[in-house]
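A, B, C and D label the chains in the order they appear, each numbered from 1.
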């Protein structure tokens, strides 16, 4: 499994059919190809049932989209961090705006995940929430205004102040956490703008998964990063 | 993938470490062995991240422990029925007492699952809830009094009236649904009692997963079924 | 507190400012006036914090909009059925589409509410969910397709088959439960259509609360009922 | 309505029958009496349906136990901050361990509550969660280890390091927020210990509500505060 480096392009497969099952493997291979050709770190976050097959097929980092705040035991229907780790995940998204969590559960999941040497990427919807998350000391924070998700209107261009405020607030209490941004990222220019604002990468979903040519989009992302 | 027949022994792996990852495969193979030696239908329900590896390793039916009431799309951290199906699941548990759902979501999941030709096993905590579930026309209902789960005190012996009331209420509105019972099932005698009460099988977890010798327990279950 | 009779017009105040605090009392008095002038049974469901002041001000039945499935004890921030009863509520809405509940909680709340001699009005989004609810034996079921709520397009005219299917399914297992319908009810004709389809009343919110002249709307409802 | 001063004794009525309805008023009067005789600021948090009658009966500050992250509108069964304010609440508990919330909702509720000039008391279960909450800039934070709630074993004596770690972490990012502690507080000595550790008051429930003589307990609390 590849090491996670920044700048990072993290591709969230959500529950898109274009990124489910065998198609999840194909898309992950496309991301791996773009990654290896550009030397920009790229990672993927498939559904739980696809983590194993994706992790066995590519050497880039694989993330889960969520894990539950439970320990091994009687928790039918929950996702144990140990299980996605054994399937090959090196980290997990936490508190995505489509899978929001109670504050105490975010704290508990970060602790569990770190105790397993897995990486934590916690999503936040507004700058002050990002600051609150920073207090919990995750590896990465992804600021994503929910109202822009899936719109093709990128946070880095439409709401740059959300990104810069996030970085400023987060830095007052946590110097080491990596800040990503997401929502509406579809072009190299969106990625370039994100880096100019001070982020160390992007969290992207439909901009890649739903693209006619995901490979071409990823190459554009990588070029923007390499230039920056 | 083996066909689901009744009487059925359905083994829920929950989030037990003894039934996670490679150990999930080993336990599934043990269940398959007991199944093939006794000709009693046995099935397993591993975690989402283990469905693929288990389904690729055994020919008995594999169930998911849960799926979400979402269609393909922007649902990060959720489990799409299509995804667990492609991973090899032929059905899913729904509304387990450790993963309870809103009523309208249970109805929506049953519809989604059936449209994918997957089997639905809906759990219920009390007889009147079982009757309500029967109105939604699932393939199977598993009555499980939560207070007995994991205790080793079996519902079929400690609360037989819960099982018989369930069957009676369910039959007033639904003749075709299969009724299982669960909670505290650990011995052949528990299984025999369940069948005598009119169920067509058992949902079992710790009684098998946490047993010193799961194979021996399953053989006892099968013998009780064959005798009945 | 007035007795609940059918046909019933039940006005849900939701969290509209036009129906909060002193304005909740004023609106409840308007409903009471329309009720007393037409002899059609009308009831109101204000917010929890307004139940007392409304119940002290009018003699028509007052409902809570929700109660929690908890008994007296350590349940901070929850709404105890005993508490809204002492404040003057004679019943409660349960499982409104804006406050949906787990199936086992719906069953538990109905039992609690009945043990306190309070009336239960359980909402359902589709006919088969209504049938499931009927198995739990509430006093009333209100069928409300969520997609029509607040639209002014009435369920009784736009989706009559939802109402008739609901009544048919409910009657197969429960002869005594009262069936209401809601969503988009704004005119006397909507109410007349609801009764023609076989319901015994309506659940209405914005159609009354947001009306320029709630009194006039209620009189129209009452006239439609009296004619029917 | 009395002004909120520190040190503060905030009595949470939960859903105890001893503090519901008319008994809520009686207990609030007892708290008011202890407050007026000792000049220590005391406040009460009754259930939503009791806010009005309590606020009309006493001149000490009245809090809600929870409000929802919703604006006025179509939110049946939710508690609007404006509604509890009009009923007489000057503030609200948020995220009590028995009513935990999603992180983004905590942030949204704090903003709503402050825009209405109401006080926010956010509960936290561990020190790092307290620090996260401090980033959201509430008026007060109450640290309460859930495992001690209702035990009679006080956080201030059994887990002093939880309190001191909380204060230390909170102060690194927020100098003005008031820190309370709760869980297991039953005696004057518990309160004295809490103040010695640096808190500015206590959040208490069963220690007062379930006491044989709540008045006597409150006087002991006040004496401990006055001595400190």
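To be clear about the criterion, contacts are C-beta pairs under 8 Å (C-beta built on N, C-alpha and C of every residue); 3 or more make two chains touch, one makes a residue touch a chain.
Please read these numbers as outputs of a predicted model, since none were measured by experiment.
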**Asked** Which chains make contact with chain B and with chain C at once?
**Response** none
**Message:** Please identify the chain with the largest separation between its CA centroid and the CA centroid of chain D.
**Reply:** B
**Item:** Classification of the chain A:chain D interface as same or different, half of numbers criterion
**Value:** same
**Request:** Report, in whole Å, the distance between the mean C-alpha point of chain B and the mean C-alpha point of chain D.
**Result:** 44
**Request:** Report, in whole Å, the distance between the mean C-alpha point of chain A and the mean C-alpha point of chain D.
**Result:** 37
**Whole-Å separation of chain centres (CA-atom averages), chain A against chain B** = 34
**Asked** Counting only residues that touch at least 2 other chains, which ones in chain B make the list?
**Response** 97
**Prompt:** Given which chains touch which, is the overall layout a line, a ring, a star, complete, or other?
**Reply:** ring
**Asked** Among all the chains shown, which pairs meet the touch rule set out at the top?
**Response** A-B, A-D, B-C, C-D
**Item:** Complex contact set, residues of chain B against chain C
**Value:** 95, 97, 100-104, 106-107, 124-126, 128-129, 131-137, 169, 172-173
**Prompt:** Contact residues on chain D for chain C in the complex?
**Reply:** 12, 14-17, 20-22, 45, 47-53, 64-66, 70-80, 82-84, 86-87, 89, 93, 96-99, 149-150, 205-206
